[in-house]
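First chain written, first letter: the chains are A, B, C and D, and each begins at residue 1.
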């Protein structure tokens, strides 16, 4: 039996913050005890939040008073989850890391720093070793980041493809859900019956973060994966679930069936360690011609929202290229879920708890 | 002053049929005189149609009685527009061509036949010379087809790119409007708050038709353009307007500015001949980071819906590749509009009237 | 411990049929053993259905072969659930009732027959006594109907209001989900970014059925409740959940607080008998100014989708009238759920099993 | 020929402000010369605005520099249109009226003041006489308000009904477009695939304003119409066009046909005076069972968006009540259009120009 890990959450009232509450309400050993917020500090959670989930606010959080985002507020905790916007994260997260907390952050602020792991537990668990390098900075704790919601599903799907077949080029076009922009986020007057073919900074994040996630740990730094990438990111009128149309070129021939097998059989440390938030299958391969679809498939799998669903795997231009469509739940696998899974992995590997 | 051309329309009650009525109601010289339909034959148009346009049914068509789809029904006409589904088109269109009519069809049935032009008036007007080859089959009339709604905008944008810079590879992902599936078409239970990553046969059409449209006339046949293409076609909850995210590789370097200039300055025969349905600019280049958007841009241009709007033109993976987003109105430029423009070109070039 | 009841389902592949499978997959004593369908007969369920639910098809039904809709197909069953369209129901259901089955039908075909109960288990369980009257027709089994999806929530809310305060007049305007029209149902071209202010026959059903459900059993027939009613039914772009804005006049004064108490404390036989599909609270009263909302509240309650959620309870024109907004899940409480709850009640009362 | 009226616009960049620009770009005698805004002051219009219309920004306004909202900015104008939010309007509008401008405001701030007309030119043009009463306050100019977007269509439809048949009670349920909340307004995360059954203060406005608009001028004040009213206001995922389901009771019998005739033949001063923005028919009566629909009918009529479309006129509970559905474009007839029409009426009646 695990010892309990006490956690605090920065940015508790936002769209992603709400997912943390839902996913941690019944966690076997992570106890979310402190909710922190900026303007909402001092209010009871239920009064401060614009709750957007169909499930009610878990009862134990309803009357919890939101605390100021300070080290003092979290003093009885081991672990800080951060769902802060990037600007705030840049200021606040290092203070916690310096003071001895392990911080797991979804913000983009520190993702590309040389000594900060950009972690997907199934893909690059060894990158956690960068936490050693962080100690040289004088931090008593550490900082782990999780990737952008769009790149998470993509990197998970690319992992078995680059490992097994040496992918050389990726062209990805995304159709992203509105919840990816948080709340209030995208105005209904903009997105109703429409497509917005642009999401600020998203394409750069997809390209840069993918290369780091798929990169190789070399002592105290990551050698980025060499991969030619082009990305085009679009917003569509879907609530949750990012759909991505992917074209991949390989150095050598790859058959569709080999690719399906590699994807369907992909397993990572979380599966081997049977972490509580690990889905049985990180990647679910579907054979129907018209799947995945966000409304039907975003909550697929043994841990709802934690599996990436892949379909339409087919030959691309020739037998050295493939096409596929993937779907990943942007606020579960693409945010809170991967952060919680990261915490579980860190507990298991001795970095936490 | 042009002499009047009398036209009949096959498939008058469908979603595309309705566009013909709207666009031809005030045409300077094409007179739509006969509406034909299958099950609706014998009824007055206004009673037979599930009218889907915000504008009312043009008054002159409201009480017009729909005729059976036979040569006899159209005997006083010169020109047949066909908005039939492919199966029906396969049967019916050749009968009209055989009997001496010029048929302009949007159906896919005959598009890839060797002696049938697949026409976008701005792109391949010379392909009309195939009409000569058709005479050898014993037809007294002729058959011209217009392309699939998704490939039309793409081929128009590729035309100046292949001509000026020798494009070698194209990867396109589409986000297509529901009107592309006609009426009743896509069930609301399927597409509401969703993306459907599949449209039957669409990807093959995009790839095959693009190569024919961009091909070179060689006597009595078309030599297809060599171009490596991958396509991924998706349905999104948008009423009108297909958005396409395009990645193109070139043999040599292409700067973003050169590409913009080539696209923005593109002109075709319809512009030179000032055809009534020709937009001033076949391609409108926009500089904002978040355009084109279907709801805002689908009716852009001097002839609403006839211009392709292109934005986000940017470097791709390196200086030998580009990315861009294009938008084309699928039932105007992608269907009725291109067919009407084709008729106007045929009149001007002496094939009709 | 209940003895097992074997059930067959007519209309298994439709939108409502799918709800039955989901709700009965793990039922404690109703065993759904036979799926029947018309055109789909002979096929395995998973191949015949256009599955529309986010949850996968329950495993035990995936390979079940759909049977023809005949008495013979169901010969080992006690109970027939019918999710047939009305025309088919008119023909087929009486045959089953005649042959000794208890039929529970959602079709409108027989709802208004004098000897047929129109049942909401919380509202009019005594109407089941009409099953006695049915025996006089020579049927060896019986036929129970459940109401139209729109009237179900309304009748549940009116029940405590008419019982406690003598309501005299009701004006209701509905905003109904697209799933109420089944699959393929409403074309996306019609309902996207739109309201359709008409649903065929719906307003008459709401008015007539409400009066029967709220009526009084008088020996072998129902004396309809006297109630002045006006209804206006609209379709809105919502997937599941009918929202209804209700104005009620009373003979005497009613305070908002009295009304809230009457609604919140409403309990029926299913709650007293603790039936498996009975929600703890048939009516959930919410105090927020902006609830209920279909996307957030349709699955509320201890048995998801079985509670009616009521909010915005306020004075109407004066202290003899009230206004409120109610929400009811149209394919759960408004269809499969009420039918299953009816079966459970019939088992408990000795009509079945 | 009218003399030119120079106008300034307060709140030029908002959703309603944009409608003014579109509608006034080619006005025969009102010249919109000054655009005013708060935070946007000093910027060129095209750079300051999040333009939401499918038509481009009228060219003459694109580079116009937005001015501060002061009397000085508008010194060469006669007329001030105000599309300010209510709080700002409360402060700013009286300053303009005091300084000699005629102000036409859509804000709710001053609508219910005793000496301020709440004007719909077709309904209560005589209320303009209150401008005389305003002079007693020492204002050198005047202030005219236009009603809330929801009550405008309703009051227009009630006008012939109360005048011809003495309506006594009205129960209205609305399904309102998102543009009614301005930009950014309603978050897409709230309204996508949803209904929100509440709009702050809206129901009170509908009830109070209707009684004033339909009231009788008595010297220097309005005697409100006696009318029992209940309102229930809902937001639905529609871009433009408020749909309203209306139930009306009358003192005496009213036949459906009489009501239709009264509505279809309704004419006001704007029609008699042939004002430029007056639609031929203020009310369009449709006979189809399923109209009006916002997407199809919001731009109906000879001046797009200025007619109210009414359908489904039918008997209510008995022959002393009626039901109908009405549709009114909320940012045209419900905002900018009625204000512009008011200005035209004021010019014609000598209050302006």
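Operating definition for what follows: contacts are C-beta pairs under 8 Å (C-beta built on N, C-alpha and C of every residue); 3 or more make two chains touch, one makes a residue touch a chain.
Keep in mind it's a predicted model, so treat the numbers as computed, not measured.
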Between C-D and B-C, the pair joined by more C-beta contacts: C-D
Farthest-lying chain, centroid of Cα atoms versus that of subunit C: B
Length of the line joining the C-alpha centres of subunit C and subunit D, rounded to whole Å: 42
Cα-centroid distance, subunit B relative to subunit C, in whole angstrom: 48
Touching two or more other chains - residues of subunit B: 52, 192-193, 237, 239, 295-296
Of subunit B, residues touching subunit A in the complex: 169, 171, 173, 175, 192-198, 228-230, 232, 234, 236-239, 243, 245, 247, 289-296, 311-312, 316-318, 321, 323, 325
Subunit B-touching residues of subunit D, taken from the complex the two chains share: 52-54, 56, 192-193, 295-300
Interface residues, subunit C side, partner subunit B - complex: 15, 52, 178-179, 183-193, 237, 239
